[in-house]
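Each of the next two complexes has chain A plus one more chain, namely chain B in the first and chain C in the second.
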Partner chain A sequence: MDAYFRLDGIRKAFGGHEAVKGVSIDIRRGEVFSLLGPSGCGKTTLLRIAAGLEAPDAGGVFLDGEEITGLPPERRRINTVFQSYALFPHMSVWDNVAFGPRVARRAEAALRPDVGRMLEMVGLAGRAEARPRQLSGGERQRVALARALINRPQVLLLDEPLAALDRKLRQRMLLELDRIHDEVGITFLYVTHDQEEAMSLSDRIAVMNAGRVEQIGTPAEVYERPASRFVAEFIGDTNLMEGVVLDGAAGGVRRLEIPGLGEVLAARGRDSGAGERVLVSVRPEKLHVSRGSLPPGSGRNVIRGRVEDVSYRGAETRYWVRAGALRIAVVEQNARLQHGERPPTWDESVWVGWHADDAFVIGSPAGGETG
Partner chain B sequence: MRRSRLPLLAGIGVLLFLYLPMVALVAQSFNASRFGGRWMGFSLKWYARLFENRPIWDALWNSLFVALVGTGVSVVLGTLSGWAMHRYRGGLQRVHHSLVYAPLVVPDVLMGISLLLLFVNSGVPLGLGTISLAHITFCISYVAFVVLGRLQEFDDSVLDAARDLGAGWWTTFWRVVLPMLAPGIASGAVLAFTLSIDDFVITFFVAGPGSTTLPVHVYSMIRHGTPTLINALSGLLMAVTFGLVLLGQRFIRQSR
Partner chain C sequence: MTRANRRRAEWLMTAPSVLWLSMFFVIPTAMVFVMAFRVPDPYGGLGKEWGLQTIEALWRGSYGPVLWRTVWMSVLATMACLAMALPVAYWIARLPKSAGRWVLAIIVVPFWTNFLIRIYAWKTVLHIEGPLKQALVTLGVVDPSTSLLFNSGAVIVVLIYNYLPFAILPLYAAAERFDFGLVEAARDLGAGRWRAMASVFLPGISQGLLTAFLVTFIPMLGSYAIPDIVGGTSAEMIGNKIAQRVFSDRNLPLASALAAVLALLMLLPAMGLLWSPRSASRRGGGRGA
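Up next is the complex of A and B:
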């Protein structure tokens, strides 16, 4: 793996609080890489260290094989789209975008076509004379993007760039960002707390929690094979069941005893020996709920329960099924219910089934620490 | 529903209270009578006499000199002080805040006496120099707080953005900080200028022989009994001061 932009063993404390506790990340050239985590997990601090706006207490920053840890922000070929956009309020849109080239002492005649092209790309060619306060949130966001991209950075940092926008606009800007990334081919380091944004935009995601990286992987990897309880719970919804391993053939199907449910099979996740206490994660959409009995089949888990809550959401229906001490969430696509079959309703006794391949062992329930 | 007339009447009352003396003064400045009081017909002769009176013009030039020096220096120092109060928070900054605030509430007499004692004890000859220093002293606080007010709306992330886009701190200062603060600095400057031009008490203490400013000179003219000239001078000063205040308000409005 060729690391183009590398953060190596970064640590940073503010006062007594350690915001980043030893983070190493390798980002490939041209990749969209996301730092995903709840607020206060250290992702923004990491981004500011990447930009040079903060100095790390330990560790190094490397860009294209060169160490740039001590380089001030104005001498790094890295630009940032700030969360608040941080546009210069006393300058027009045009002057905001032209700021970088002008500071770099490029001739006015030479930078003019560049600024024009940038405004064209973000769809603001007609608003060059406007002041930032006359623009909508989405337009400001585009100016911030153009202002950063015009400098042809080697890496573009984006700090929660869509957080201030409403839902509809956010989805449109996501597609826009994707298009712009394809167009310029610059490496993106994207910070967000919104898993939907991270999943739909990124090539790879680093899920962060409390100053540490919990898992690095493609969106499908972190969703389908979460490395820890935190990842399983933070990305999407999941059912977590605590149990004891009965027999654990390495790599094969494991039998587990879950108190209140009985024996359950799990085929994926980390290896664990007999007698070990573990957590099993099953995504709600991998489960099925039925009034009639489900065919047992090989590798299938089937349990009985009672529907406690039903919530119809148009494309899907969400069930909460009580089974022993557990409350299991199930998501059924409504497309399945076309053949006159009556869906289960509230307080009905039902069968819940899932395949062992969709049950994922994520380690001991006590600590968040996993292998 | 009938609206109460009371606010309107009270408003008119306040305006009369505030402006009647000035209107009377300006009216008197056009009175041909030598001693004021009875109206003897419209005349501009006091204004004409005013322009021939050399000591008044000397005092005016002194005032302008002091006001320009005082404004210039206090704008630079006051802006830096406001910036420091905004940028750095901590125990020491709270002390700084209180210390800068104090001159706004300390009585002028006290300021005047303490400055006089300082100058005399340290052997500084009294004159335009000491007046300028005194004016700088009390103007700094006003400028600092006007600039600080402006800074409340200042988004510090633009400083990060400027550096991120390749600007060193000098370029950031010239291209971002200064233009963004300009309206605040300008209204601070106008305020400092009007305060300096107007000041009597402090100036009275620290002025040396032969270096009077206009307000101090006006005071001595009253004592030596030339009220008609003073009327004309007051009319002129009022016109200039009002002009400056209007200008200052425009800057403040623009900065909003």
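Up next is the complex of A and C:
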């Protein structure tokens, strides 16, 4: 696994506040890598360090085997799509896109076809003469993209590029970004706080929290096998149950005692010895709620509860079921109900079931020290 | 509201400012222009007759060199002001807000001292036996016989000193609103520090540059006290000539004619800049994001 773009042991503090606390990331050539985390987790600082707009207090930046930590932004073959787009307001769309090649002293005649091709790629060939303020948010975003890509960077940095767009447009631009990435094959480093964006676009994701990387993995890995309580809670919704391990066969199904629920099986996650206090994470869509008793089977957990809240969302319905001290979230797809079954409603007594394979042990309730 | 009613409302609302401008600007300026076509009476007042005597006197009076000196000294001093104000404004705009306010205050506070006192202070500084001259002689930079005072150099230095804050303030106002993310974007796209400044920062504060130019250049053209105190006869400006016509010769028509020439001199570049197609289109479209 070759690291094409490497951030190594990066630290950065601003006036006593440590924004990035020793982050190391290896990004492969051609992949879409996301830094995902809440605002203030240090992801934008990391991106600015990658761009050369900020110097790290410690650590190094390496691109294609060469250290570029000390290089100013203009000497790095890295370009950025800024969150505010930072289009030059006094220049036309054409001049904005042509800025990079012109600075690189390319002849007008030589850069003209390139600018034309870029504008075509982002679907703005007809808007070349417009000024940035005459464009819609989505169009500005695409100009910013074309302006960065025309320089054929080795790495393209994207800082929350879709944050300013409305939901519908954001989904279209996500597909567009995916298509453009396939077309140009450039390594993308994508910063976002939106887990949906990160999940649908990325090959791998680094989930960041408070200046540290909590987990690096594919979207499926960080979703299905969260390394920490933070990751489990930040990526999607989850039910966290606190319990004590009764017997911890390594690699096998663990038996846990959860106060108020009784015995529960969890097949995956962190190895833990008997007597240890742990958290078990179960995603709401892995749970099922039923008025009739659920068919028992090996490795199935079934508990009894009462529906506290029901929220119909079109494609799915969300239930909140009270079971002992726990409030369990369940998501059911609104597929056709079989055998004339009626969905559970408010204040009904129900069965909630899930498979041990979908229960994931993530470590001690204190969170954080998950190794 | 009908269209006619709206028109009337607009007129009513603009009437006070139109009235103010006509009373205190348009009418006096017109009077200056008109007075140039009167003849002086022997007692220093205005004669009853009309005539072109003063216009002829303008030609005969060899005001050309003075006018030329006024223009080039003002251009030079304005350019120096802008060149010095630009980095200062940039620097203040990049400071934290509270620190920036302190620096601005430090720049402005000396100007609470009376204008004339500050010019006389320069006379002391530049005096033959003044501190600056002594220092320069000691360093061997100038000959003991040279004078730092009573020449165009002295006038330009004091003009720069006096108008520098007026150049800094509008440039700071523009730089403070400027989105420095654009400079970062330019650097990111491969532009070096200076290229980014020239291609993004300067166009971004062009309105401030224009304002700074106008608020320094125009008053400089009309300078009177500064060349009078530190300039001497070899560095007279058109303002001194106007003053001499008023106070020594008591020739009000000729003074008016000179003032009118000066006014035209100021008006033309200002008009040219304000009504240039570029700034007109910018006004039409509003400020860019």
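Just so we're on the same page, the second predicted complex is superposed on the first by the 368 of 371 C-alpha atoms of A that agree within 3 Å, B and C clash if a C-alpha of one lies under 4 Å from a C-alpha of the other, contacts with A are read in each partner's own complex, and residues count from 1 in each chain.
The definition used in the following text is that contacts are C-beta pairs under 8 Å (C-beta built on N, C-alpha and C of every residue); 3 or more make two chains touch, one makes a residue touch a chain.
Small disclaimer: the values here were computed from a predicted structure and weren't measured.
A.B. asks: Superpose on chain A as described above, then tell me if chain B and chain C fit or clash.
C.D. replies: When both complexes are placed onto chain A, chain B and chain C end up clashing with one another.
A.B. asks: On the A-aligned overlay, A:273 touches which partner chain: chain B = first, chain C = second, or both, or neither?
C.D. replies: The answer is neither, since A:273 touches no partner chain.
A.B. asks: Look at A:123 in the shared chain and tell me whether it touches chain B only, chain C only, both, or neither; answer first, second, both or neither.
C.D. replies: Once the two structures are laid over each other on A, A:123 reaches no partner at all.
A.B. asks: Identify the partner contact of A:86: answer first if only chain B is touched, second if only chain C is, both if each is, neither if none is.
C.D. replies: Both: A:86 reaches chain B and chain C.
A.B. asks: Touching A:99, do we find chain B (first), chain C (second), both, or neither?
C.D. replies: both
A.B. asks: For A:133, using the defined touch cut-off, is the partner it touches chain B, chain C, both, or neither? Pick first, second, both or neither.
C.D. replies: second
A.B. asks: So in the superposed three-chain picture, is A:252 touching just chain B, just chain C, both, or none of them (first/second/both/neither)?
C.D. replies: neither
A.B. asks: Quick check on my understanding: which residues of chain A belong to both its chain B contact set and its chain C contact set?
C.D. replies: Shared contact residues on chain A: 51-53, 72-74, 78-80, 82, 84, 86-90, 99-100, 103-104, 147-148, 151.
A.B. asks: For a test of understanding, state which residues of chain A touch chain B in their complex under the given definition.
C.D. replies: These residues of chain A touch chain B: 51-53, 72-75, 78-80, 82-84, 86-90, 99-100, 103-104, 147-148, 151.
A.B. asks: Using the touch definition up top, name the residues of chain C that touch chain A in the complex.
C.D. replies: Residues in contact with chain A: 179, 181-182, 184-193, 195-196, 199-200, 203-204, 206, 285-286, 288-289.
A.B. asks: Sort out for me which residues of chain B touch chain A in the complex.
C.D. replies: 155, 157-158, 160-168, 171, 175-176, 179-180
A.B. asks: What does chain A use to touch chain C in their complex?
C.D. replies: So the residues of chain A touching chain C come out as 51-53, 72-74, 78-80, 82, 84, 86-90, 99-100, 103-104, 131-133, 147-148, 151.
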